[in-house]
Amino acid sequence: MSKEFKGKTLAEILRIEQTRNYLMKGIREDGRSMWDYREIKIEVGTVEKAFGSSTVYLGDTVVVTGVNFELGTPFQDSPDSAILLVEGEILPTASFEAEAGPPDEYEIEMSRVVDRSLRESGIIDFKKYAIIPGETVLKIFIDFNILNDDGNIIDAAVLGAVSALATADMPDINYIRDNIDEVSNINIKEVPRTKFSIEEIPIANTIALYNGKMFVDPTAPEEEIANSLITFTHLATGEICSIQLLKGSLSYEEVFTALDKAYEKSVEIRDKLSEMGIIKL
Amino acid sequence: MNNGEREEFIRVDGRKPDELRKYSIRAGILKNADGSAEIKLGKNWIVVGVYGPKEHFPKFEALQDRAIINCRYHMAPYSTTERKSPKPSRREIELSKVIRTALEQAVILEKFPEMSIDIFIEVLQAEGSTRVASITAASVALAEAGIPLRDMIVGCSAGKVNGQIVVDVGEAEDKDGEADLPIAVMPNLKRVVLLQMDGKLTHEEFKRAFEIALKGAYELYEEQKKALKKLIEEMSLVQEQEGDEDE
Amino acid sequence: MEEEDKRKMRIVTPGEKISGRINLRRTDNNFFIKIGNSMIATNLGVLKKTGSSLDLIPYKSVYTPRRDDYVIGVVIGYAANGWIVDIGASTKAFLSAQELIRWEGDAQRFDPKKYELSEHFKIGDLVGAVIIDINAQSHPILSLPSEKQGINKKHLGKLNGYFIIKVHTTKIPRIIGRKGSMIKMIKENMRGDVIVGQNGVILYKGNYEDFLLLKKIIKTIISNTFAPGLTGKIAQMLGVTVTEEVNNNRGVEHE
């Protein structure tokens, strides 16, 4: 059996074959141009129990993200720094192929790329949340789940994390510092809260290549047939904070074309987030 | 417990003893899954996806005369008050099993020999009585997938809180209460398919708890039917007439 | 007519008891089960009276490939003596090389040493075929009939250059319509070639704009499966005037 078809349903196989025909002609299944994103819909606060949360719909790809805080001891090599843990899972509901069980290499890669896109971006001021340096720091958990996978889960997941963080509450750091003994004995969710503030807005953009044709925001069949996939994460400053070649190879020129296109798209999407009221530019 | 005059018992969230939390059920919410459903019950938010019937692998494990059901109950790390590791806990494994054996009673497994049906329950937010809410949604997801069922399965919990028998136990009530009784039934066949009890109840208390849970289950059954019928109504451009029956 | 439709349409959910005469002849499309003395509906669907007996038209049902079904599948692998074809059923279908050789009019026996399977069908090729049998392991066996009413020879074997629409198999009866009336109207009013497989695959050979119209038409049918007056709406989309009779078509019989 061809690797492309393994674990796929007939509907998915047909979509893949059809997409091949379309991309050859320079068109896409849903009528988009090569440089359009699918419709993006974001709801925030969908998991009230978490300090912050979001549900992102990127076309038919659906991601739910939750942000939680805990108190913890800092790492030995960075005693005055808060701790960030980013973990994502493709739920077995996401597609016929997706399996229940510990994350496979693709899920782990996805988690780590999203992690780097956030960690290196400066979205979180780690020093700010070292409550008692060397002893007690804030542990920040960002967990995300792909409920339905129609491609480009990385872009969607980074949007989910940014949206959840941008609208999150957090336990009041000053209150914790002043009442550390009391706080250690209660549930952190019962501590008085403040708003979490984000210091940057990283946006990930995944570019695909097929037979020399470049396009953005690939759907599941497009990812499947693409010769190459590459993700760039840009900051509002225009700096790149993460790059990952996910599949295949690019010519040197293609790398820079893709980079420019990714930057263009990151600006557009950041503007969209601002229009939605999720962030302030 | 006297059934004489007493003040109406108000619960921590303001509910009456026989009052369910606010609920809603939607069917067909995931694109890729063969069948899917979502339930909200109080702060509970649970999504279920069904795949199958499909070929079972490895083949030598398949059953010759019926389908195998695989069921996974899983909680998202952000679903609980304290963040939970994504690794399956013993509790999740036990719940996966009791939910599976309950659903097996309703699915007409004999129609699909050598096949398996996968049911994935994802708890996105938990607030007490998740197993019965999950099973209620799973039943809708199976129906939405077009998998033939003998009956729907619907669940509801009851409990003893502050000495009072109550329906639909919330998280706080479960933690501080004296007993927790989740049940699930096939509402037309009138059979119990899930029954567990945790805590202490007299026979009399159990009877009352069972009845109040049953009443709650039948209320949720109406919501299940509504969610499923909506799928067809949306394809009809015509509303179904109330009371129109061929019987 | 609309009032009559409303009266006759009842939505049922699994577990509901049904009284009335149940058409148990159609065992493959049977969405009832007898429990004790009662007939129980096993699926979500609409109960319709056909003559004096009741049928359940399901919202969705599991695809069961049947003998004589014309299907369109994809070659997903090679076996020792033929091709493994995915037709969207719970098990994969099989087309033997010998069958292809026979259909192409060749008398020779299949010789695995000389016959290069991938030269005839590659992985990813679309194949039109008819199910001739379901074997002991539940795999559908495909055939290429030489003479069969209703199957155009061009719609058998390798199918190249078609646009593809995949729908749930449950929708095919509605797309075909009572006695083929719906699909006939569509085929007659589309410039290109429309092929419908029982396994939910629809192919179109023609230009892209016409294909977009066909996609819209199919989408309208599957989103309004249970609506009366659907035929009229589709006729409108095709730019066709339709008679009263066809407009009242509310049947969803299997072809």
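Per-chain residue numbering starts at 1, and chain names A, B and C are given in the order in which the chains are listed.
In the analysis below, a residue touches a chain if its C-beta (ideal position, glycine included) is under 8 Å from a C-beta of that chain, and two chains touch if they have at least 3 such contacts.
Note that the structure is a prediction, hence the values are computed from the model and not measured.
The chains touching chain A as well as chain C are B.
Across all inter-chain contacts, the pair with the most C-beta pairs is B-C. Chain centres here are Cα averages; for chain A and chain C they lie 40 Å apart. Spacing of chain B relative to chain C, judged by their CA centroids, is 34 angstrom. Note: centroid distance chain A to chain B, computed from Cα atoms, is 32 Å.
In chain B, the residues touching two or more other chains are 54.
If you check the complex, the residues on chain A that touch chain C are 1-2, 5, 9-11, 13-15, 17-18, 21, 27. Remark: chain B residues 35, 52-55, 106, 108, 111-115, 143-152, 186-189, 224-225, 228-229, 231-238, 240-241, 244-247 touch chain C in the complex. Residue ranges on chain B touching chain A, taken from their complex, read 30-33, 36, 43, 45, 47-49, 51, 54, 72, 74, 76-83, 86-87, 118, 120, 122, 124-127.
Interface residues of chain C, counted against chain A in their complex, comprise 73-74, 76-77, 84, 86-88, 123-124, 126, 163-164, 166, 199, 201, 208.
Taken together, the chain A residues at the contact with chain B in this complex read 46-50, 53, 60, 62, 64-68, 70, 87, 89, 91-96, 100, 102, 141, 143, 145, 147-150, 187, 189.
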